[in-house]
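Following this message is one structure expressed as structure tokens.
Every chain is named by a letter (A, B, C and D) in the order it is written, and numbering of its residues begins at 1.
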Amino acid sequence: MFYRQAGDFKTTYRDDIQTFPLKQDRWGYYIVLAIAFLVVPFFINDYWTSAVMLPFLIYAIASLGLNILTGYCGQVSLGTGGFLAVGAYACYKIMTAFPDLNIFIVVLLSGVITAAVGMLFGIPSLRIKGFYLAVATLAAQFFLVWLFNKVPWFYNNSASGQISAPERSMFGFAVTGPNADAPVRYLFCLTFLVLLAWVARNLTRGRLGRSWMAIRDMDIAAEIIGVNPLKSKLSAFAVSSFFIGVAGALFFSVYLGAVEVGEAFGITQSFLVLFMIIIGGLGSIFGSFAGAAFLVLVPVLLKNIMVNWLGWPTDIAVHIEFMVVGGLIVLFLIAEPHGLAQLWRLAKDKFLLWPFPH
Amino acid sequence: MNPLKIVGVALITSLASTAAMADLVFPSLSYRTGAYGANGIPFADGYADYFTLVNERDGGIGGIPAKVIECETGYNTQKGVECYESTKGENPLVYQPLSTGITYQLIPKVTADGIPMHTMGYGRTSAKNGTVFSNVFNYPANYWDGASHAINHILSENGGDIKGKNVALVYHNSAYGKEPIRTLNELSAKHGFKLAEVPVDHPGQEQKSQWLQIRRTRPDYVLMWGWGVMNQVAIQEAVNIGYPMENFIGIWWSGSENDVIPAGAKANGYKALTFHAVGSDFPVFDDIQKHVVDAGKAAGAGDQVGTVLYNRGMYAAMLAVEAAKTAQGIHGTADINAAQMRDGMEALVMDAAKMESLGMAGFGPEFTVDCKNHGGPGLGAMQQWDAGAGEWKLISDFEPSDMEIIQPLIDEDSNAFAEESKIELQECA
Amino acid sequence: MNYGTKMASGIEPGAELLRIENISLSFGGVKALTDVSFDIQRGEVRAIIGPNGAGKSSMLNVINGFYHPQVGEVWYCGEKRKGIKPHQIAHQGIARTFQNIALFKGMSTLDNIMTGRSTHMSANMLSQAIWRGAAEKEEIKNRRYVEEIIDFLEIQSIRKTPVGRLPYGLQKRVELGRALAAEPVLLLLDEPMAGMNVEEKEDMSRFILDVQSEFGTTIAIIEHDMGVVMDISDRLVVLDYGKKIGDGTPEEIRNNQAVIDAYLGVPHE
Amino acid sequence: MSPDVLYTIEVILNGLMAGVMYSLVALGFVLIFKASGIFNYAQGVMALFAAMTLVGIQNGQVPFSHLINAIFGTHIHHFGWQLPAIVAILLTVVVMIIFAILVERLVLKHLVNQEPIILFMATIGLAYFMEGFGDLMWGSEIKTLDVGLPQGASLALEEYTLKWAAEGSEYYGMYLDKLDMVAALVALALVITLSLFSQYTKTGRALRAVADDHQAALSVGISLRKIWVITWCIAGVVAMVAGVMWGSKSGVQFSLSLIALKALPVLILGGFTSIPGAIIGGLIIGVGEKLFEYSIGPLIGGATENWFAYVLALFFLVFRPQGLFGDKIIERV
């Protein structure tokens, strides 16, 4: 009853182009933000942080990144795992080379380095399209993983090639390392996510975002009306890789604390993030969140139900988990190929009109 | 942020379960699925079955039942962390993650949380240095011991002189596989053999290039640090190129029945290291048969009993139980916690009499653990595959490794870690 | 004022804006255009007509740089064009619509037309990321112009509708809007009235003439409906089998024997 | 000849053989892509599933025994029979046909006219599902697959080539795996059968018609759904052949599903729509990666095979974006 478009007139273009045109949506957004920043940190424990919240926040950042490239610019990439690895190893190298540098800046710099690498691997996209490009990005995936595994410089010549994040603090609170508390780690990642989501929103609503979508929808026409395909595609690769690089840096330093490249950043990561944006909704910021939440939560939920509640053997639970996740993906694609974001939109439209369906 | 998350949070909070506090909890971070599941299953079964045996036969450890919480990691570090976090609230006594990747992950965490971790024959080798790694134990042997054992074996076959011999190391191109390289380099400098590194990428389905290279260069010995499908393919390829199997030596993770059976009769003579006995010719197996398998309480189908990886899982469980008993003795309480368990592990003594009393005489090496040395003496033995009989045979006693080479490496690596992570060294009496 | 308007600022109405000189274009041995030359004067409506397969669309593709002719030159605003890319040509003030609608299907009407403003927007990536300030100001300024076009084309009600859902006629109109948004010096229209009924054609003709008179835009148009073409164009070029067979005012073309033959299907010797 | 030259030849020959193994997997992809425009990521898992089913049937394993035992507390594992390989193969074919029908009924039918990326994702979902399903049905331990294929070095060849090397040089004869040779023959037979099938049978001609133009094929009364079932059946059989070949080598286990990743560069090299492309692409990749590992690999630390194929394919694509045999992309507006 109170969720209405009627009467909420916009008198300036500035009002018209804001992120949440509806007053109710805007308030909802502020409330969620307030809960996330002010309430959740007081209730969160290690399990919740490590098993649910951190993966969700970090994958949401990676999904935002991939969604910019794939959802907005139409360039399918399977190199996400490799770019996550670039972020992680850049973070490790900067952390150990400049121990006094603020961890926040370290993570941002890791993103910048990843953006540069991403642009390099984006160059073939100027000639290669569609599935051919998707498979070609696998070259980045495999090559980068091999490189980080092979060249000892990247892991400071440690005996096994593992990299471990030393302790770094912000405002006196440990953010990385074993002594970092759950709320601090959570808030650190949350800050990045909120900032980056805001940046993603800004980039996608202006000229750059439109040029990406134009390239996605019809690249030739876009070029003819004045969109520079080189700049658009490379900027999409750069922005996308920046996001993924930040995600990789957080993944390594805050979430896992120690990684081994082949295992943590393998091809499965690439597929996982791609799943997230497709289930969530291509070309939707909300979809990136929804997809990440879905694919982080569903396995944890299923596992808890089957193993902890029903007491099933763990292997059967995992097999069934695979079946359920696979089945759900197919089901979702059949029911709503445009993802959770579209379902959410439809639900909202229904609600806007309720109780008068027409 | 989105509402979905909040809903999810609410949903799962209600699901988080709590264990009965009275039990002694032993989490088993197992993997029964995924690329390495085939190897993870027997180990996890052995680990679980031994605790079941202790509960059924002895009524628990010091009268308190042991409880195994299995958590599937799929050999994946992310899931490993989730498993760790989800079980650490249940007062676990010791973690056995069975993955070098997860071990690296958990070393800082268990240290911060004060929970001991036992990485038996895997993980971070320099964790042997107890002053740096206060909560990590890797007795009875580690990878560097293994590398040394293999070279010792070669030395003994050649009357102590292997100058100019060629040794190739075929290894899983990961943290795990790279572990022995540094030791082998040192050993090659000491003994004068030439080492060739032959990496194989995960999963290792296709190794034609590597084995053509070996066929071409004809190394005198081939060592292997493999896991999962890599083992089967490597042994098959070695058979195919007609490499003399008795000169092909695997680490203990490359020496299970799974690895040799697919290659058939020609795998006969393949050697692998081990730090425990093979087969089921020990009284403890009769007990397992009687109290666990026949009682329908086995974790698996019961057909794995006596296989290498099953025995290893059982051996790990036995060591955990003995450490718990030791801890109960030290602290004078049956209801021990993780910190007390750690003390028990640090004071663990495995002598012949103890193993005899457990029905496992000679099943593993005799060793003691102390505050400085969390890895024991590093004894290991050699086993050989008898394809005709379809079983592994021990062909040596448990022998020491070359600590002259290994100890400096351990000191160097652990001290570097202590420095990098600013670890306060544990005071040892 | 963007680069394109500046470039053409010295060209008076009636003076030569674009000249095609001896263009020949072929695809793997198939000749699409053979030795075609003509010019377009500032401010006129110039029609390119001819039977199917005459090379009309190829001609437009040459003009906006999508095809690169093997022989011949294109002169624009008194400069000879040298190997530049289509998007650079768009920046020189040449916009176009397409024979088969080439709208961005996933975007709304508004976004489609705003994309046409790309050549007028220059906020860098950083200021776009921050949004508040330069980027927002630029967005609102351009939005204002786009709203004018929306008003002009009478498509206010479909402003936020994804274009994929619009009927054909409206899509054509949005496409015209997208081209107009660039404030082009030279507007290329590829069969803007194909598939329309009489009423829609009248609307479209009115829009085209209004564009010419209100914005002073030079227009090159391909159209099959001879009645419409003769009504709205100042001069015509006639192509047949990739060759120019006629060039002049509607009156001259009407009396050109070669053109009449081509349209009546007199066999080529 | 000097041994170095012989070694190089040996590497090339073995590369060709490895290439054939890649082609076997790639072939399944191409068949489905041609007929339905679906990039079937599940092809690798299908190979695993087929091989598991084959071993399971051959050894008389009880399907879902683990699940049944867990639920009912029973201890059933085997029926206690041992079937001849050929019977097991035929039964596996039947299973794969049932699988194809189910996929069409439950998945594809509902996704007609969706964008390629959606269909692609659906097959990944399918791959997840089958991974779990296969393990649940047959268990995830390693299974030894033995359908009587020969294995090991061809001694005859080794002896025959021994004297090729220059006098006095160290040379052990040329090495070729018998299994690889069989695989090459099987692949050859498969390709010949497939081309005969598509040339001379009515169904085959319908398949080609659909591949050329969906709409046109529909308008002359070819049932698209029937065609899809048939292609998935054929792809299932091809997957089984690939599964048998790879499974004989390494035992049947989870990692078998990862061979799909080996086939992807073959596809981009050969083009998604060309059967000869799949074969020749496979051969190029096989030879290329083996030669690279042999010549450059030792200089840069080895284990290059995982990425080399992709990088090769990438460079290739930059010059020929549609692949070796793919249909030329003509851009128009």
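Definition applied: contacts are C-beta pairs under 8 Å (C-beta built on N, C-alpha and C of every residue); 3 or more make two chains touch, one makes a residue touch a chain.
Keep in mind that what you see is a predicted model, and the values were worked out from it rather than measured.
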{"item": "If a chain touches chain A and chain B alike, it appears here", "value": "D"}
{"item": "Central chain (by mean CA position)", "value": "A"}
{"item": "Longest centre-to-centre distance from chain A, chain (CA-based)", "value": "C"}
{"item": "Inter-centroid spacing, chain C versus chain B (mean Cα positions, whole Å)", "value": "73"}
{"item": "Geometric centre distance via CA averages, chain D-chain B, whole Å", "value": "35"}
{"item": "Distance between chain centroids, defined by C-alpha means - chain C, chain D (Å)", "value": "50"}
{"item": "Centre distance in Å when chain A and chain D are each reduced to the mean of their C-alpha atoms", "value": "33"}
{"item": "Residues of chain B whose C-beta touches two or more other chains", "value": "32-33, 37, 41, 173, 201"}
{"item": "Numbers and ranges of chain C residues touching at least 2 other chains", "value": "66, 98, 102"}
{"item": "Numbers and ranges of chain A residues touching at least 2 other chains", "value": "146, 149, 220-221, 224, 313, 315, 318-319, 322"}
{"item": "Residue ranges of chain A in contact with chain B within the complex", "value": "28-29, 32-33, 35-36, 40, 45-52, 55-56, 96, 146, 149, 158-162, 164, 166-167, 177-179, 190, 194, 255-260, 262-264, 266, 286, 289-290, 293-294, 297, 300-301, 303-305, 307-309, 313-315, 317-319, 322"}
{"item": "Complex contacts: residues of chain A adjacent to chain C", "value": "13-14, 17, 199, 202-203, 205-208, 210-211, 213-214, 216-218, 220-229, 235, 239, 283"}
{"item": "Complex contacts: residues of chain A adjacent to chain D", "value": "76, 124, 127-132, 135-136, 138-139, 141-143, 145-146, 149-150, 220-221, 224, 267, 271, 274-275, 278, 312-313, 315-316, 318-330, 333-334, 337"}
{"item": "Chain C - residues contacting chain A, complex", "value": "64, 66, 85-87, 90-91, 95-96, 98, 102-107, 111, 114-119, 121, 123, 125, 128-131, 135-136, 138-140, 143-144, 147, 178-179, 182"}
{"item": "List of chain D residues in touch with chain B within their complex", "value": "7, 10-11, 14, 17-18, 21, 69, 73, 75, 77, 135, 140-142, 144, 151-153, 172, 175, 177, 246, 249-251, 253-256, 258-259, 262, 289-290, 293-294, 297, 301-303, 305-306"}
